[in-house]
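Two complexes are shown next, each including chain A; its partner changes from chain B in the first to chain C in the second.
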Partner chain A sequence: MEDMSSSIKIMMNPKNVAIVGASSNPDKVGYSILKNYLDLGYKGKIYPVNIKEESILGLKVYKSVLDIPEPVDVVVVAVPAPLVPNIIDECGRAKSKTVVVVTAGFAEVGEVELEKKLVETANKYNLPVLGPNCVGVMDLGSGVDTLFLPAYKFDRPGIGTLGFASQSGSVAGNILDVIGGENLGLSKFISYGNASIINETDILNYFADDEDTKVLVFYLEGAKRGKEFIEAVKRIGVKKPVIIAKGGETEAGAQAAHSHTASLTGNYQVYDAIFKQYGFIHSNNLDEIISLAKIFDKQPLVTGNRVGLITNGGGTGVLATDALYNNGLVLADLTQESKDYLRKVMPPIVNIRTPLDIGGDADYARFNDAIKTVLNDDNVDVLAIIALFQTPGADSKVAQAICNYSVDSKKPIVVISDGGSYTQTHKKIIESSGIPVYSSPEMAAKSISALINYAKYKEAASKLYE
Partner chain B sequence: MSDENANMMDYIEAANLLKKYSIRVVDSKYIESEDDAVSFSNGDTIVMKVLSDKALHKTKSGVIKLDLSKEDDIRTAYKDLIEKSADLKPYKILAQKMIKGGIEIIIGGNTDPSFGKVLLLGFGGIYVETFKDVSMRVCPINEFDAGNMISELKSKRIIAPDEKSENMIKDLLMKVSKLLVENDNISELDLNPLILHDGTYDAVDLRFILKGE
Partner chain C sequence: MEDMSSSIKIMMNPKNVAIVGASSNPDKVGYSILKNYLDLGYKGKIYPVNIKEESILGLKVYKSVLDIPEPVDVVVVAVPAPLVPNIIDECGRAKSKTVVVVTAGFAEVGEVELEKKLVETANKYNLPVLGPNCVGVMDLGSGVDTLFLPAYKFDRPGIGTLGFASQSGSVAGNILDVIGGENLGLSKFISYGNASIINETDILNYFADDEDTKVLVFYLEGAKRGKEFIEAVKRIGVKKPVIIAKGGETEAGAQAAHSHTASLTGNYQVYDAIFKQYGFIHSNNLDEIISLAKIFDKQPLVTGNRVGLITNGGGTGVLATDALYNNGLVLADLTQESKDYLRKVMPPIVNIRTPLDIGGDADYARFNDAIKTVLNDDNVDVLAIIALFQTPGADSKVAQAICNYSVDSKKPIVVISDGGSYTQTHKKIIESSGIPVYSSPEMAAKSISALINYAKYKEAASKLYE
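Presenting the complex of A and B:
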């Protein structure tokens, strides 16, 4: 376990890298990988390897890993599957430290013998291999990106605290692209494909210890080493929130998983039980995963469930109240001191109770007074603000007022707001401060509830398991 | 089903194993005569069942007799069972004290090929499949897990209306988890129904499936 974790660490921050199958043809995977290293400003030495070419993108090309003058930290392999075991053998002889096999065409398509040969060769040299059939790793901090997705085709995320691991490369590309478009920054990304040597257990252990990662999103199809997997789940669950998607809920889905990645998709209900047992947040809905990631990434953990709800729309306030109660949350009852203050500053049309409906004409000053009072109220654990930007008073100053409170809040703050382009603009402004904006009260309530449940789990589990 | 049945642990053996883990099982005894049944009853209300590999669905096949307390009724029921069970040989007749009222729950165990023993708690009885109000954990479980298994159920307030009953069920779940972990030969078990009644509980139907060869 220690070994594999430290191998992943090397992959994320290598002092040099070889790309076997590097190509000057922009249609080839071996071109995209090399180009991404160059584009991200990777600081280490890059050694392209290709038998046929002399020079690619201005770099000298080597015929074999064995010709490279020094041992290499990471060898990225993107050559046709039948050639891979031989390349692994060369890596072993060249004393390469780690290998990422991007190539597909192994056990996932029935080439079990070929994969066995890969594993045997790697084991002969005790060589840590990621993949095959994966898109590799990404660490924007160190400028490492083995993904063969052309940069112009997807929104590369910025640097942040969200870790992401995925068995599947396609799910990975999709989620990374979505994360890139949202206000979420990425710490590290690992896709591990067939998990023939480095598997989900190693990756959980790696992320458990990775200080750059605050929250982990994980797409899993199946776990290979059952008991060790449980231990790894338990270990990371007590340290940081993990949002997990697990394919194969229906029997048809499980069959699809088998043909997609050669994985032993276990019994879905047992996986779900393990996730519940050790505090993982289980969701198979992409929108929900992103919503959950947003609240966990930037908002503090709290165990109390009293929500201070402010709204500039009466009906939406009623719907949101239902959503809160349906998700195990309650409306906070404000202290007398807050009530007295609000009575003084709010116009007579505003009823001083929660949800605090500050009126359709609420402007910056009214929002600001309400937010300040409710957020600092001792009876409030979480602040939720419904900001409907279609109303006459709600403008960029309101968005700014909300942002101002994100800085030192010890309580989670979420905003509920939906609408067209004017709203979307303000949503972006608010989210840039780290406060998540949800289109529906339901999603906001679900996310708050998940945050509280995890906080409670962490509090109880840290006494038991740490 | 018939394969599983061939690997089923004998009822009294299963009951004794549960008792070894201080898990309560309703008073039960194999009876071999009318007199046996009457003396087992000793004035209490009893149930008699025919246990045979050929009679999985006792209520459907009519080889179960409920709510017997009068001596005459017990004798008549016994005779009737013998008659109806002629083609179920070999069989045994199990007499149990009858529990009236109470809440039926299920506690079950299974073996997952990769994760090992798992424990299940649910709102039970014959509607367990309909309501699917169940929670699950991998073994071994601790008190924290046991508490969460209860609180995850929609029926939590029915099965554990107060702290005392909650503690009782938590304790019971931990005992079953221990039994599962320590008895590798048992691949599945059903305590269904397990009846919560009068501030205590009793496992009534037991189904322990032994690991195949």
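Presenting the complex of A and C:
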């Protein structure tokens, strides 16, 4: 079997593609997939395959992949499960390079024999197959998107540096939609369902080498090739941060996973230990995953844990201080120079200490003075700003000031802010500069801590392994 | 000193009010407070007090509370800190019933003597004072709102059954804004800052007896009257659920709290133990507090922990199963009758077990059959529905079906759903029926667990204490 990660590369940017089960009925998966290739900027040749139709969306339809005049890079298969092994056989004979099977109804519903037949057929031709029971791949750069979720239900992400792999289609749809709503940019996405041939190990290896991907989010149920999986974890861990969620922590969860992707989830503690050992950031909380990914996406790695905390709200500053210390971080002790300067520019009511509470009436000038001083202080490794936009002085100019400091900052900057529509608007302004905004001190502290821990791991591992 | 909780009652619904420091300058706190009394439906008489002005916003201005022709129920004080003790003295001589001091600049910034003078003056006249260093009170029913946050920065909550008390003004503004954005209803709100006279104990007693409040959210830094505080905790705990956040968990956090409200935060573990003992739900995570409150606001209390979990996404079902078991809950084992019925109405691809994965293509009919059956199953105590609106079949009709089951349900219902704008729209539809929607299985499981634990506490405590 050839290197599967290079097969994934082909799927992401194929010269040509065949869609078996392409349909002119907008309710069919085969319609949505074809339409995506047509609409989203894909530049290669598209061959719809359907035994009953002559032409779909203006394209000539073929009866079989065997009728297509050239071998294709990717065949996307969206026909009923019992027909799939035969299609795979045709792909093999037609010398197709890769196959994506989105169809469900295999081992996950007890159809073990059918899946075995699929695998045997693919292996006969050395054919790399993604799926079955998956939603395929997405590469916004090449215009490839096999997802068949209705476009209007779904905030499609823009192009960016966050990679995402998911064994589950539902977790995938959910997280992609959140990423789109959060205005984070996506590099590549892969869903891989039952992992009958291409599996988590191949995907980790693919993303390890993908230069467009700076940070990877991964939802895993079970890993098939234990030893190689660990090698792949180790390999990618030293290259880039991976936020991993692993379903099947409990016995009941493991049973549910088996009904879902026919996965054997294995011993959760063993997985957790492997993830820890190789620098993965492990969280099964869907509220946390994207929050954790955000800090890695645009902020620099640092190993120091001294946080310069600025706040325009006293109580939130108290809770943030607790959260920092509970997550292994400390408040930075500002240099005398900073203190002297701040004493000069801040009103008397401001205590010159961290958390630096600049007051509920803090405006642009006060925020700007505080940020400039704390960010440039040698005793500060990370800057955390609590900006409560309910207060009289905090407005778009404050948001803009925060954005300005994101340019060329060698230190990570995070913002803590939560509220209704006015705050959400300002959150988007700040996040457009790459600075993550967290709705709670707790999540901010967890994310800073994850960044520092990963930076330390990477530093140590780079020395050890290179 | 008279019963302070009755003084709070007067502040919430006063016959008449004086605003000392009322101003015609829109940038001044004294303007915002006066304008709120004028604009938000307050029916009583309003007396602006300002030594320099004749008339503000069409109202006659008085030079001092002593010039007002009748004693007033509430005097709101918004003048510089050094002037406050003298104003308090005038309030005492004018036989004002209660005073709210929003002014900051007392013990929290080291002005211990000034605060002492305030307290001594108030005590001389037996005068109940809220604050200083607070944002006052809010009762949407009576039109009282002393908050001086700019209205356009702030999603004002509607009237409801959620009470909220906060020692911190910033935490208050933040959470009120979130409550407004979440479309939760507020009963009453109190901020109490330095707690120089009226403190947390009085406030707990007030909310214990307030019939408009079904659930209370409380942000506390330190408690002053230890023994009475514990009695108040015990008293309210058996009556209604209280979600409490306590700043000053760590030593650094405690120091920050001292700079904030001059609080002595005390031993965190002792507080935590007291909260646990008396059924309080304790969380310092600002992301969790409103999520926890939501389930208590409209859902019935139950003591059984068997969760009927329905999902239209397999992977999310796996993570939810893990989350349930990690939070002391179990998947319900459906009755044979339910299983037989579901086998009849569900397509063959649906495994008839919990989590009941009704498939990524589940539509209104399938959701409705599943919900009806699982909700009415005798083996089910709580219904949890994962409704991923990215999927082809899930739409407003599904949201409507979920809403319909909220009517007269004796069992709590929660929904798990997350995503971008389409999902957020449907989340709002569902929450309008009182069913909480959680963005993660983890938060849903925590909330269900908190509800059951509180129900058990209340049941046991009611027997013990009554």
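In this text, the second predicted complex is superposed on the first by the 464 of 466 C-alpha atoms of A that agree within 3 Å, B and C clash if a C-alpha of one lies under 4 Å from a C-alpha of the other, contacts with A are read in each partner's own complex, and residues count from 1 in each chain.
As a convention for this text, a contact is a pair of C-beta atoms (placed from the backbone, for glycine too) under 8 Å apart; a residue touches a chain by one contact, two chains touch by 3 or more.
All values derive from a computational prediction rather than experimental measurement.
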Which superposed partner A:L301 touches (first chain B, second chain C, both, neither): neither
First (chain B), second (chain C), both or neither touched by A:A223: first
Contacts of A:A273 with chain B and chain C, given as first, second, both or neither: first
Which superposed partner A:L464 touches (first chain B, second chain C, both, neither): first
Partner chain in contact with A:I352 - chain B first, chain C second, else both or neither: neither
Broader residue contact with chain A after superposition on the shared chain, chain B or chain C: C
Chain B and chain C footprints on chain A, overlapping residues: none
Touch list for chain B against partner chain A, complex: 112-116, 118, 135-138, 141-142, 144-145, 148, 152
Chain B partner contacts - residues on chain A that touch it in the complex: 223-224, 226-227, 229-230, 264, 266-267, 269-270, 272-274, 276-277, 460-461, 464
Chain C - residues contacting chain A, complex: 27, 104-105, 108-109, 148-150, 152-155, 166-174, 176-178, 180-181, 219, 221, 245, 247-253, 255-257, 259-261, 284-288, 311-319, 321-326, 330-331, 348-349, 351, 353, 355, 357, 360, 388-392, 394, 418-424, 439-443
